[in-house]
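One structure, as structure tokens, below. Some questions next.
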Amino acid sequence: MARDDGRSPDQLRPVTITRDWLTHAEGSVLVEFGGTRVLCAASVQDSVPRWRRGSGLGWITAEYAMLPRSTNTRSDRESVRGKIGGRTHEISRLIGRSLRACVDYKALGENSVVLDCDVLQADGGTRTAAITGAYVALADAIAWMRKRKMCPGDPLVNSVAAVSVGIVGATPLLDLCYTEDVAAETDMNVVMTGSGEFVEVQGTAEGIPFDRSTLDSLLDLAAAGCAELTVRQREALS
Amino acid sequence: MARDDGRSPDQLRPVTITRDWLTHAEGSVLVEFGGTRVLCAASVQDSVPRWRRGSGLGWITAEYAMLPRSTNTRSDRESVRGKIGGRTHEISRLIGRSLRACVDYKALGENSVVLDCDVLQADGGTRTAAITGAYVALADAIAWMRKRKMCPGDPLVNSVAAVSVGIVGATPLLDLCYTEDVAAETDMNVVMTGSGEFVEVQGTAEGIPFDRSTLDSLLDLAAAGCAELTVRQREALS
Amino acid sequence: MARDDGRSPDQLRPVTITRDWLTHAEGSVLVEFGGTRVLCAASVQDSVPRWRRGSGLGWITAEYAMLPRSTNTRSDRESVRGKIGGRTHEISRLIGRSLRACVDYKALGENSVVLDCDVLQADGGTRTAAITGAYVALADAIAWMRKRKMCPGDPLVNSVAAVSVGIVGATPLLDLCYTEDVAAETDMNVVMTGSGEFVEVQGTAEGIPFDRSTLDSLLDLAAAGCAELTVRQREALS
Amino acid sequence: MARDDGRSPDQLRPVTITRDWLTHAEGSVLVEFGGTRVLCAASVQDSVPRWRRGSGLGWITAEYAMLPRSTNTRSDRESVRGKIGGRTHEISRLIGRSLRACVDYKALGENSVVLDCDVLQADGGTRTAAITGAYVALADAIAWMRKRKMCPGDPLVNSVAAVSVGIVGATPLLDLCYTEDVAAETDMNVVMTGSGEFVEVQGTAEGIPFDRSTLDSLLDLAAAGCAELTVRQREALS
Amino acid sequence: MARDDGRSPDQLRPVTITRDWLTHAEGSVLVEFGGTRVLCAASVQDSVPRWRRGSGLGWITAEYAMLPRSTNTRSDRESVRGKIGGRTHEISRLIGRSLRACVDYKALGENSVVLDCDVLQADGGTRTAAITGAYVALADAIAWMRKRKMCPGDPLVNSVAAVSVGIVGATPLLDLCYTEDVAAETDMNVVMTGSGEFVEVQGTAEGIPFDRSTLDSLLDLAAAGCAELTVRQREALS
Amino acid sequence: MARDDGRSPDQLRPVTITRDWLTHAEGSVLVEFGGTRVLCAASVQDSVPRWRRGSGLGWITAEYAMLPRSTNTRSDRESVRGKIGGRTHEISRLIGRSLRACVDYKALGENSVVLDCDVLQADGGTRTAAITGAYVALADAIAWMRKRKMCPGDPLVNSVAAVSVGIVGATPLLDLCYTEDVAAETDMNVVMTGSGEFVEVQGTAEGIPFDRSTLDSLLDLAAAGCAELTVRQREALS
């Protein structure tokens, strides 16, 4: 099966990671996976949420949102509707959990980093691009903190990257663009550490349930994709 | 490792599925996984959401909620806070997707079924108990519709059941109760069809990322658990 | 006039009071007035609302809600609509006021009890069943506190029970079921103490205003009904 | 017991009913019960709520609110808090039910009247003043409609007035001002028709439950008070 | 061009400023600009918002709202809609900024005054009437505070008044009533101090952009109008 | 007085207008005024709001928002807080009004354009940059519509641009950056057409009221700045 953009099934879209895209944020990255463009800003706070005070431990949290015209047709703003939708909640929570997997709270001390991931343009894989970019913004924010001696140790114990995989017309594909995502029978988002372990696996049958061998082939594809993204992150940070 | 309640690692808690627990609902089930108790009500509507009108296709949706004192300490009501939390959103969406996997929309015709899953008492695995019970309530609701000749065909093309699995102290365990869930390094919820295929796989590293062989052992455990729950569902419905 | 369920005009529906229906709550009761089924959970908190701190006095509050499919046709969740309706507010306030009538705040000390009354199934008289059941849950919660020596004295100075009465087709009826409630010209909810005094009298003309003698006959009927419910509460607690 | 303002126990405060206080509304009244001042505006709409369309019947509804500084200390606006409190809901519903008792929906035709009762200054009895004033505004609005031949018949079949009564220091008092209301052991709001029948009776024990003879004496007092208010309404309208 | 009410282009509507319209508020004014009637209540608080604590400086804030039937057709309440509209926000902010221009925060000490401006009846110019009246209420509230020696100095360093001006049919008009406001090509609200300086200038082209000479003529007209309103304020306060 | 960035008092910051920054939107511009960076997306809709249907006229509306870390310290998202703040409302309304000044609704036909102005980075003048950039995005969207023959005529009858001016340390300055904005005694935003007329003039005394000659000098400065921005817009569009 030929992909619309000529990629092979196991090929990522062009990935660009632009650091320091913003002036104010302690870490900021414009990450692009093909036409998907996410602005990731890391904000350092020298405090933690109330429930964590006095623990000596830090905290990492994330918020995801899409600009109204990041998509093909305009969506209403969640601020105008007065509430956050289920999908937004779900992805914000996923990004937060994913990034917490690479951080040592004790070494962070009682500091927080908030990762704002705002989708400027969407073409599939916005959550995986967000995680991949937010890691780089987080690394920069932590470097910023360490330069100021805010942390008792080195909080960054690993890296994380994420990619989507799916079955389209019986073929397992890596890094789905929007039209592939819509056509996929099965859709999976996989978050992995730089050392090749799983942080999060979320697979959903869209219509047709999938068997174990399909699941295995998707996991293989995702592992290779995450490994490649880990290389890109390292290059960007070096 | 001995479990608190004496179960073997691959053993489900006692499962009870009580049909027709409510008088008004077209299908209703009180499902119990040990101390977890979820009331699942299926409400039939002879219409579909606006975006689906005129398509000839039906729709299945779900809402999950916890009573304030279903848990060990009382939580505020989401109605009082004026908004639904991220976790509630996420689980409602998961239940809806899971049940849609066993339904043929065309055979359902332009009808909807809403599955309300209200947790009366929580002891871990509320979302998997909800899915497992809601399937039975859905089956009853669809039987109710077919008796009234509301559906052009038989919409129930499969069954779905769900179970949690996790790694606690290096041991893979089936059907975690609350204390195990809190202690788990890795936590996975797996939804499968009665014919043994995956509908949803959601695995999360709580703290320590997991490798492929751990993932494999958890999937094995979950597959066996779902198969057993499928048997319980069939017994309840016969 | 024959009632649908064969009761005499001054007869209660079958009343069931099941204590300890929940594991976690300090007091919990499943109360049934015929087909009406309300789960009452009493949650103890060793603090009081901000405006009462430092007073040495305790507090009792209540929240009432209906599950979406407790009724004949499904209602939207108030959490989904993002706000609590007027009827819910009104009943929550009524339950709280009613239960505060049997409590000595000073003997309670600076502790609170929250009564959650969730209607699992509705067939008329949900608020009066809730008050009657919540009293028993409160008594259990207070016993729980006294065992732990949390209270400076015995806070339970009386009992409260409640019943609905109404005029249907010119006949005064006790404990209206849903179809009677809908048909009633006048509808009254009466809350009384175990010693036979009034805590709350709420009578409403639905359509036709009522005269003093009608009011008197309804109050007589309600007083007898509350006396009988008081006996059931004592039996349940003994 | 001497009352602060020198009234006898069965005496109303000075009552003023000023019609046409507003230019735009079809009926408008500034009603004063002593220091309590409520602006009642009746707005005619030539339609009914969705659930009543096609029935040939009209509808009456009411909204009650207090200006932030109508009270001794400033309260936050409900619009700023983003939600309506339980008390506001309860009183709005009470006013609507009370006024519906004097209207023939069929004679009204498919028209609505909205009664806005805004408390400009509060000194006890705001809800009873609101009902008493809103009736006059409603009568004016109905006259306005009849002049324009909007109604198939005469919708005004009765009048309604309301007054508060309560036990303060063992004495039953009519028409409580704020300091009396706060001191009352028992507080009752009674709504009656011009022909002397009850529309709504709401009695609450604040602290000490009350017996039947107390209830009877309060009802006597309220009946006399409502009769007097009915005279004032007739005078205002003539 | 003749104005509907016979005024000359540079003539204000009849202005009435009634002090002490409310009993509870520390300062209160019913201000009327023709048919526009705004109730302004000043509430003193012996504290400041959190962000200002410990600064030794006071604060002035304002809230504007319209009663639902202050206008020709009834509007929904913002409390019922659950949110404050853009226009309300904008005007509340304008009133607050305007009044802060005449106050010395240091002389006020760590006290606040909240100005509630509720439009009882609207006929154009509600925001300018509100500012003009709120100044008088503020002056009374500050006098109240000074009598109680709450302020370290005299916080009232100037006065403020406001008026609307606009171009209707090519003629610059002062103090537009509603029908003129709707017909205006250009609409400007001007807030000035008693000493003749500008606090706020807000001009908007409704339809046709305006040139510099038009702007100049409007500013002249507004300056004269504000000067006249300043006289009225002084008369009211003397 | 030397400005921090070396500009003369009447000099704009470097202005960049990048068209087609987004793929999906019918018009899109990344506009930069120095460090201020606003993404303006124009979305075409072939319908108008309900209140305008059947009129044959089109509509233009705008929404403004800031990314949480566009500013020096992170702000909470309005979607998370569940409501839109007063400042956001005010600016959204200003942008909409400004752009409507250059459009002929009749020539637009019953179509709408929504202008989303999202501040990616803020350094003063975000609203004026937004208006200036949104005009270019609107021009592109209208060209897109005209190519598809959606409009009965040419709706673009003029251009609009906006700039801020202010008094800092007694000197009138053009196009204030954030530090200047904070230091300004008087702050004015001026929106003008390409033909040199005023669309909106909003001047506010921050602290010290200003006199007529100050106002005049600020208007002169703004007129020159808008003229220069008009040239930049024309260059960008050619």
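Note that the chains take the letters A, B, C, D, E and F in the order they are written out, and that residue 1 is the start of every chain.
We adopt the following convention: a residue touches a chain if its C-beta (ideal position, glycine included) is under 8 Å from a C-beta of that chain, and two chains touch if they have at least 3 such contacts.
The structure displayed is predicted, hence computed values, not measured ones.
Undergrad: Quick check on the contact graph: shortest path length from chain D to chain E, in steps?
TA: Tracing touching chains, the least step count from chain D to chain E comes to 1.
Undergrad: Spelling it out: a chain qualifies if it touches chain B and also touches chain E; which chains qualify?
TA: none
Undergrad: State the smallest step count from chain A to chain F, taking one step as a move to a touching chain.
TA: 1
Undergrad: Tell me which chain's centre, taken as the mean of its C-alpha atoms, is farthest from chain C.
TA: Comparing chain centres, F lies farthest from chain C.
Undergrad: Taking each chain's centre as the mean position of its Cα atoms, how many Å separate chain A from chain C?
TA: For chain A versus chain C, the centre distance works out to 50 Å.
Undergrad: Express in whole angstrom the distance between the two chain centres, defined as the mean CA positions of chain C and chain F.
TA: 59
Undergrad: Which whole number of Å gives the spacing of the CA centres of chain E and chain F?
TA: 27
Undergrad: Going by the contact rule already set, what residues in chain E reach two or more other chains?
TA: 82-84
Undergrad: Listed in ring order from chain A, and going the way that reaches chain B first, which chains are there?
TA: With chain A as the starting chain and chain B following, the sequence is A, B, C, D, E, F.
Undergrad: Residues of chain E touching chain D in their complex?
TA: These residues of chain E touch chain D: 22-25, 28, 35, 39, 41, 43, 45, 63, 65, 67-74, 77-80, 82-84, 88, 114, 116, 118, 120-121, 123.
Undergrad: Provide the residue numbers of chain A that touch chain B in the complex, in ascending order.
TA: Interface residues on the chain A side: 83-87, 89-90, 92-93, 97, 101, 158, 188, 192-193, 195-205, 207, 209-212, 215, 219, 223.
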